[in-house]
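Structures for review follow.
Next come two complexes, and both contain chain A; in the first it sits with chain B, in the second with chain C.
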Partner chain A sequence: MENIKDVVLEYVINEYLEDDEEELNYDSPLISGGIVDSFSMVSLKRFLENKYKIQIPDDKATPEAFDTVNSIVALVNSFVKK
Partner chain B sequence: MGYSERIKSVYQNQLQEIRDKGIFKQERYIHSSQAADIEVEFPVGASIKRVINICANNYLGLSSHPEVIKAAHEGLDSRGYGMSSVRFICGTQDIHRQLERKMTEFLGTEDTILFPSCMDANAGVFEAILTADDVMISDRLVHASIIDGMRLCSAQHDTFKHSDMEHLESKLQLHADKRLKVVINDGVYSMDGDTAKLDEMVALCEKYDAMLFVDESHASGFIGKTGRGTHEKCGVLGKMDIITTTFGKALGGASGGCVSGRREIVEMCRQKARPYLFSNTIAPVVVSGVLKVLDILSQSTERRDKLETNTAYWRKGLSEAGFILKDGDTPIVPVMLFNAKLSQDFSKDLFEEGVYAIGFFFPVVPNGAARIRTQISAAHEIHHLDKALDAFRKVGKKYNILGKTKQEIIEMFGL
Partner chain C sequence: MSHIGSYDERIKNFDWSISESELGYKSGDVINIGWYCSDRICEQGKGDKPALIWEGLGGVEKRYSFNDIRLASNTIASFLRKLGVKNEDRVCLFMDKIPELYLGFLAVLKIGAIAQPLFSAFGDESLFVRMDNAQTSAIITQRKHVGKVRKIIDQMPYLKHIIIVDHDGVKSLKDRETPFSLEKATPVEDLEIYPTKAESPSVLHYTSGTTGQPKGVKHVHYSLISQYLTTKWVLDLQETDVYWCTADPGWVTGTSYGIIGPWSMGATQCVMDMGFSAESWYRFIEKYKISMWYSAPTAIRSLMKAGEEIIKKYDLSSLRHLASVGEPLNSEAVIWSERVFGLPFLDTYWQTETGSMMITNFPGMKIKPGSMGKPFPGITAALLDPDSHELITSANKPGLIAFKPGWPSMMRTYWRNEETYRKKFINGWYIPGDRATIDMDGYFWFIGRDDDVINTGGHLVSPFEVESALLEHPAVAESAVVAKPDDVNMEVVKAFVTLKPGYESGPDLELEIMNFIRKKLSPLAMPQEIEYVDSLPKTRSGKIMRRLLHAKEWGEEIGDTSTLEND
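Moving on to the complex of A and B:
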């Protein structure tokens, strides 16, 4: 299975970065850092749900849980069937 | 009386933080009517200075037009000053409905409903027509009032990159399962002056069974051959589902706004939109003025044609002087300075030279994209533009930025 971390990072870069010069890593603050606004989180959530065939309840899809690639991966892993 | 020293200090600290960041806003008092030449007191207490105004939304120069003022006087005499009621109790006069009909005709839609402002139209429309089963897909640079309106609505919200049709299409596919989809954008973007690709958006919305919303506040009255707006320019008159616009800019510049579009959508707003239900509508005096504005615009395209000529003259003059402009052909012409402090200093120097234009910087525009936003009007004569160009050249020379590239300006002043 491809590395979830890299899939999420690639998606975030393609989806949210306007400027190619910006750099992101697994711990870059996405929402608190102003890269992803809370509205745009929707597409990320839907992408993850479609890609990994999971359902993330709205009460788990908090700005904190979506704030870094690492925290997103932790969230996804908690729903992916082992 | 719970306003303790502790509470007071919370606000004082917040205000100090705004001052420390250098983004504390101060009003400049104008002692004349809105026009190409205005008399300004700035800073407060300073002697009054006569300057050329190139930062008003008075695109058609109708804010102080004698016929509009006369019509407003007549409206005041015949329909009074206030309504003291919301629309559906006893706050609707014949002229309110008359204006709605005229706007419907002007915009090429099915029906129209007035709102106290376009801010209110944008705040009320989404909640009135959408539910949690629906999705709003908005351009990432839409106006703040649209963002507020979307926040008040329970529908899901997603965004697409500014004017990126491929990205928009991917979002329409992503949300294919939603009951209703609305694509949301501005007709003319107020900070960059670029126009939405409404023709491509109409095609995408037809393909994916979505509605199209456009805020025409910086377009109504002058964009398109007869000034109907961006939809006229893009050749999609009659195909718009929802238009919001304002009477506070080109259409007389007083206040008020509307939602215009599909009959059912307008009717839903009349039943459910909270700013319509819980606030007085536009005062009769303003309605009378806007009716006259629409009369003037239906008689001749002279004013929008003059605006187009003025805009071309202004863009050419600034480009030839060596300034970096945002591409476009609308009367919003941003002069790019990139550095926030430079934009403020430049604005102050222009004022000294008798030209009133404002510098914008983060967070109003992206970081490192500070600018002087200039706005051209049909009220400007060539001598106004020549004098303003002289001032721009003089100040540009002072900072040694004429003919310089973005990179060179950033190297000199930083980001």
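Moving on to the complex of A and C:
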């Protein structure tokens, strides 16, 4: 299985990063850093749901849960069937 | 004691000359908002008082006194002048909430040019239609956003200068690009401020309508008279207050009450240039001891969603006055804020075109949770029957909100669109496009928009603009866009689409279309749901009946379908 971390990081870089010189890592703040806003978060959530065939309830899709690649991966892992 | 004192007393003998007199302005004088917000405060002996405390990502902080903002705006103004920017040229401000946005705004006004702030999350298409309408001469932006300008530069021969405020000198600049560093520039002590008069244009804000392209709302320097007094009487800024307006100056709240109002009063304001999280907002209030907080219902509902436990971690005792704008503030949010902060958020109603607050709740007034409040002194507000346009005189009867024109910050026209401007008036009343009721006590109660414009998170999105952009996606044959109810944002964008032959509906295509709109227009305009349909409801003349789709989303009666094509 692809490394979820790298998939999510690559998606964020390709889809949301405006400044191509900015460097992102697994702990870069995405929501609080203004890279992904609350409206765009909906499309990121949709990507994760499509990609990993999961449903993330709205009450779990918080700005905190989406704030870094690492926190997103933890969220995804909690829904992916082991 | 609040500045307004008794609302009932204030409305008795109100005259805008109260504001003129406090600002030392007489009819016919020079009036320049840039000067009023910086030089005048320094002349009052408050040059050392903090004007702007800015915090960016990672806790990076910058502080500017009123003398600092005077010098910085002089410096940027001088730079613009040397480039050849002159009075009435349109200068677009396309930046995140960094200090240069606030200081650049004053600078543009100081040289008599017209400030055209645009939300930095706009995609290249949104940016282009607004700059093309304004025939913008110069844009001040950041490195991270310059890519969007480069995409459309070839279509904009009138755009002479792209000023990049954080150019690092590493990557080469392209045609028409100029670097500018406020930190490296030599401060300009004396600047000859352009002698703008009351009717000189000042700000061009773009707003969305049901049909057609976004409209450029033209404001003039005299708007200061309204913006100053509403800030004083509604936001009630006192000498020692620390003020936080959470709005982005890409929208009218961010300029009227995020720059002009507070600084013309000599108030200290804080700006947080970070994305939203409940933790970071509460931490910000605690750290800077925010006392007056002007925010939006969407943000308040997001804070409610984050829960009350988190609030206990922070000392928010500095808060003394809260207000809200952008969309109707639901009664639950008012009651919640009273419980958790010990203070209600006071709802304020106004729009880009009005330039300043029109119907509001005032300090000291009895608050009816969920109500818009009462008209600001000097504002004649009423309801008109939606069909006959006669004045409604009985209580609790729904009608169109209407204002008697003539308040100082009223828009002067839509830029290059006088015809649409004229249509905003009926029988001598200005019609903002919202419906409401008035109760027996004279309080206004919001019902909804009178058109198809979508209010999402306090920002207006044109269904027409989104539909047009959707048609540019190769898979989309037809589209219809409506508002869908949302717990946090009040409304979000929903699109109904039919697909061209050869394309298959599915979640991956849905995501592709969402991202297509997000990048082209803005995250606000991105449909949060796309429904694939075989056909769209149309009138016999072929016009899409959004009304039917809207009714379906809101669980409302469909109403008259006699003109439906295939009924």
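Just so it is clear, the second predicted complex is superposed on the first by the 82 of 82 C-alpha atoms of A that agree within 3 Å, B and C clash if a C-alpha of one lies under 4 Å from a C-alpha of the other, contacts with A are read in each partner's own complex, and residues count from 1 in each chain.
Everything below uses one rule, namely that contacts are C-beta pairs under 8 Å (C-beta built on N, C-alpha and C of every residue); 3 or more make two chains touch, one makes a residue touch a chain.
Since the structure is predicted, the reported quantities are computational estimates derived from the model, not experimental observations.
Which of chain B and chain C touches more residues of chain A is settled by the count: it is C. Once chain A of one complex is fitted onto chain A of the other, the partner contacts of A:P29 are limited to chain C, with no touch recorded for chain B.
Look at A:E64: by the touch rule set out above, it reaches chain C but stays clear of chain B.
Of the two partner chains, neither chain B nor chain C is touched by A:N77. Residues 18, 37, 39-40, 42-43, 46-47, 50 of chain A are contacted both by chain B in one complex and by chain C in the other. Chain C meets chain A in the complex at residues 57, 96, 121, 143-145, 147-148, 170-171, 273-280, 302, 305-306, 456-457, 507-508, 510-511, 514-515, 518, 523-524, 526, 528. By the touch rule above, chain A contacts chain B in their complex via residues 18, 37, 39-40, 42-43, 46-47, 50.
Against chain A, in their complex, chain B makes its touches with residues 138, 140, 147, 150, 156-159, 161, 171, 174-175. Those residues of chain A that touch chain C in the shared complex are 15, 18-22, 29-40, 42-43, 46-47, 49-50, 62-64, 67.
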